[in-house]
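Common to both upcoming complexes is subunit A, partnered first by subunit B, then by subunit C.
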Partner chain A sequence: MTAPVLQVKDLKTQFFTDDGVVKAVDGVSFDLHPGETLGIVGESGCGKSVTALSILRLVQEPGRITGGQILFKGTDIVTMPGDDVRDIRGKDIAMIFQDPLSSLNPVLKVGYQIEEAMEAHTKISGKVALSRAVQLLKQVRIPAAESRVEDYPHQFSGGMRQRAMIAMGLANKPSILIADEPTTALDVTVQAQILELLRDLNEETKTAIILITHNMGVVAGLCKRVLVMYAGRIVEQGPVEQIFKDPQHPYTWSLLQSIPRLDADRKDRLLSIEGLPPDLIKPPRGCRFHPRCQFRIERCFHDDPTLMDVGPDQEAACWVTMRRALARDGEARA
Partner chain B sequence: MKRVPERAPLLRAEEVVKHFPAGLGASVKAVERVNFEIYPGETVGLVGESGCGKSTLGRLITQLLPVTSGNIFFEGVDLTKLSGEKLRQKRRELQMIFQDPYSSLNPRMTVGDIIAEPLENFGLLRGRAKDKRVQELLRIVGLNPYFNNRYPHEFSGGQRQRIGIARAIALRPKLIVADEPISALDVSIQAQIINLMEDLQKEFQLTYLFIAHDLSVVRHISDRVMVMYLGKIVEVADSAEIYRNPRHPYTKALLSSIPIPDPEIQSKRRIVHLSGEIPSPVNPPSGCRFHPRCPIAQVPTPCADLEPPLEEKARGHRAACHFSEKVPVAV
Partner chain C sequence: MLSRRALIFLGERLVLIAFTAVAVSSIVFFGVHQLPGSAFLSDRRIDPAALAAIMHHYHLDLSLWDQYKLFVAGIVHGNLGESLVNRGIPITPLLLREASVSLEVGATALIFTIGLGMVLGVIAAIKQNTWVDYLATATSVIGYSMPNFVIASVLVLLFAVYLYNWSGGVLYYEVGWEGTYGTPGQILLPAFALGFPYASIVARLTRASMLEVLRQDYVRTAKAKGLSDRIVIIRHALRNALIPVVTILGPLTIGIITGSVVIENIFGIPGLGKEFVQSILSRDYNIVIGVFTFYALAIGLANLLVDLLYTVIDPRIRY
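Up next, the complex of A and B:
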């Protein structure tokens, strides 16, 4: 395997609020290889977006990266001077956000904004920039790109705006594109198109994609590998097929069981995860999921599990794991 | 299933139209000549993408918006002809649950007062009896009965939606219109609310109109599903039937777009591509409103010049398409 393009090692990002220190990201480690598609899934407040913002050093006050390393091609972004981070942002690592309307400047033409993204990093003539902007809009399948490049954001529909954002993200041929809930604000038919576009672009350009989402279905359609986050930690990671077929952490398992599936027959009741995600100022002792876990054992109350091998290339932070939990339940019933 | 079609419908909408003025004499044709029935005890799912008119239709049914024309019969009484006290009394039986549990609860009222408000409006209970009822309602929706003195901001999104549900069932309504009740909630909380709504339906014989854009959730909860596109109902069928055998190309496209949380299945599925964007409801396309984006349309005749009626294609399965037999089967 090639060397990873990005290595996140024991990342800790905290928010210093009046109520206390929120441990939003608490010891997250993962590698991203060139051209890979990695999904980070979890619910609101699990730390998935803060992880993404940390990678680009975009965490706002009162938040701060308090520990760990983020190695981009071997250089640590965490300790890098601000100017160097600015060079990486938008050039080597680009990011697109959930709401394309608020990420675009309403008073500037779409084409101009794409050109701006290029000119921020390379000296090119206006003419070259314009033709490259048209080419990028074509690449993200915007019809009549030559005339659309002159449009303002309000003249674009939601799906087209997200395509324009992706075009801007790809303007400098980055090695990594981070997409934070890129389809959440869009209708399903448009969502499907954007996901297909990202899949195609990943194949065409070999840009690695980190997709941040709460939607397991979206991950299944785009990513090869997935990290499941809960309460600031990675609780499970592995190849997508493996995680969806044989999840070992009770949180992953419960999430998959709790969503109604289009291809499944109507069930009487959905599995629901009782309770609420924990307060990250004072997370629970032991495993952070134990107050909501239906498979917990005594050890889970006081002993905090770390990621352990649970399958081929698959790790989970759980003392029980679903394999044992389900076997135990089977015995209990028999 | 639960549905007994021979029974009289609880609600019947006839040729319901809603236009909103859009300036310069133009109008947004949000709902255009819509007809349907809802039977007692069933859950009808209403799906479609943003701007299709599904929320407007929900508000017309609960009379939060007046119709432009058409009739809405609730237990045989035409709601559109009622006003004042008569309408207010009918509204007891028609309640609504909203999408955003943050903006639909008054932040300056205690949860107890929020839930008691409908009881007070109708002068039903007073003093101790009212407090007892409020606590009972909190318990029914799975909240601590002694939280009645707390304010909405002290609760999470899922808990707030439970409060909204408690308020909606306080008057023991017959029909509840739930407009995207779970789409603002986290995945692990969504199942809690769906299960609660199903439990309440059994306990209180409720009838639901469940408005949502998420077809997997709608499939789970609904007995029948109605699909809307640009102000029109384009397909109605039993839940299992519409997923197995969609007869409108738009339904088919919607179904194919929903991601299934299974990488093996997902990689083999094919998306039905819709060309272009949803047209403006100010000036909807001629003939079939879906024809400019339809993969099987025959233009100009008949699709661009003849509006297909919503007609029975199989027992209990209606679709508005000239070529419904050509819609490919299976998701």
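Up next, the complex of A and C:
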């Protein structure tokens, strides 16, 4: 196996608010290999977006990275001088955001915003940059790209704006593309197109993709491996097929149960996870999921689990694990 | 370059401005004739026959309605008549010259206002909640709580009186201009007095608007592209932050125009503002009407310019 292009080690990002310190990311570690597609899933506020922003050191005040390492090709982004981080942004690691309308500058032409991404890192003439911008727009399948480069973002549809964002992200042929909820603001058919585009681009350009989403279906459509985050931690990780088939953490299991199914009986109620995500200023003692967990045991109240091997390439941070929980329920029923 | 719709918009606005100017001058025409007193009052006795001849020359012997008809016929041809005090002097060229003097001061004040206001606002926003921010904010509080005539009087006192005494008459600011147009040194003080209160308003607005824009997603996108802080602030943030600032450019220009009435009198500047006061005091009917008409035109055109400026800054706005 090749060396990872990105290694996140025990990352901690905290927000120093008036109410207290919010531990938004609390000891997250993972590796990303060249060309890999990695999904990060979890509810709103679980720290997945902050993890992504931390990688490019884009966390805004009052947030700060307070610990850990982010090694990009061996060098630590956390301790790097600001100018060096700027060199990496957009060139080696590009990022696209959730709402493509608010993420594009309304007063600048779309083509210009793509050209700008190139000019920030390479000396390039305006003419070359323009033709490259057209080429990129074609690559993300925007029709009539030659005339569309002259348009402003408000003249684009939602899906086209996200394509333009992706084109912008690909402008410098980065080794990593971080997509933060790239399909959330789009309607379902457009979502599918964008995911297909990302999948094709991953195959063509061998750009590694980190896809951040709350939607398990989106992960299934694009990623090979998935991290499930809860309350600032990774609670389960492994190959997508494995996690979908045999989730071991009760949180992952509940997330998968809450996906509506067409083949389910209409009388069946849709399962949802009881309660709300915990307050990250004062997270619960023991396992952070225990207040909402229907399979908890006594140990979960005071003992905080770490990631443990639970299957081939699969890790979960749970004292119970679904395998045992379901077996136990089966016995109880019998 | 201009689309058909833009041309129609422009045409409509120009017609509206012309109509406003005629309406304003008509109101002033009837109003000014109600003022007690006359331009021909004098300590010396005037020969009744000569007075009658003058009254006839200025059509003051006709009924007000007939005078009005002659007046409207005049302004349609751009002729505002003659001065009643300095007899025989045609008003239109006189006012044009004075307006250009006022424009010289006003434009300097406007550039100063926008320049200083924006720089202070942007710096305060970037350095939010530091001493730089507090200093800039304190400066603008002083600015907009002091009326321009107070600033002007203090400046005259400092630079024309105290500086003269202190330097033994070597270095000082001379109130009152010799020529028609002032030297850059002479323009600076009145322009500052005229613009400083508005610079403070622009600074406050720019700061608030910048703080808002700096939190926007597209600013984060710009940073994520690896652009330098300078480019992010100037190209991405400032341009968007300017949109609300442009909104107050209209009232601001009007403030500078009306403010010039006071400032020109304090600094002895031979512009439209000084003429405005003098003509009323001396009951020079034609000049009073002329000055008001000029002001109406200036305000109308300033607002039109602001509306056109929107389309330059914000591509989403099209007429």
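Note that in this section the second predicted complex is superposed on the first by the 328 of 334 C-alpha atoms of A that agree within 3 Å, B and C clash if a C-alpha of one lies under 4 Å from a C-alpha of the other, contacts with A are read in each partner's own complex, and residues count from 1 in each chain.
Throughout what follows, contacts are C-beta pairs under 8 Å (C-beta built on N, C-alpha and C of every residue); 3 or more make two chains touch, one makes a residue touch a chain.
This is a predicted model, so every value here is computed, not measured.
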{"item": "Partner chain(s) touched by A:Leu56 [first = subunit B, second = subunit C, both, neither]", "value": "second"}
{"item": "Partner chain in contact with A:Arg328 - subunit B first, subunit C second, else both or neither", "value": "neither"}
{"item": "First, second, both or neither for A:Arg89, with subunit B first and subunit C second", "value": "second"}
{"item": "Residue contacts on subunit A - larger count, subunit B or subunit C", "value": "B"}
{"item": "Which superposed partner A:Ser258 touches (first subunit B, second subunit C, both, neither)", "value": "first"}
{"item": "Partner chain(s) touched by A:His302 [first = subunit B, second = subunit C, both, neither]", "value": "neither"}
{"item": "Which superposed partner A:Lys282 touches (first subunit B, second subunit C, both, neither)", "value": "neither"}
{"item": "Intersection of subunit A interface sets (partners subunit B, subunit C)", "value": "none"}
{"item": "Touch list for subunit B against partner subunit A, complex", "value": "49-50, 156, 158, 186-192, 194-195, 198, 213-217, 219-221, 239-240, 243, 253-267, 271, 273-274, 277, 331"}
{"item": "Touch list for subunit C against partner subunit A, complex", "value": "215-218, 220-228, 231, 235-236, 239-240, 313-316"}
{"item": "Residues of subunit A that touch subunit C when the two form their complex", "value": "56, 58, 60, 86-91, 94-95, 97, 99, 102-109, 116-117, 120-121, 152, 154, 165, 168"}
{"item": "Residue ranges of subunit A touching subunit B (in the complex, touch as defined)", "value": "43-44, 157, 159-160, 187-189, 191-193, 195-196, 214-221, 240-241, 244-245, 254-256, 258-263, 265-267, 269-274, 276-277"}
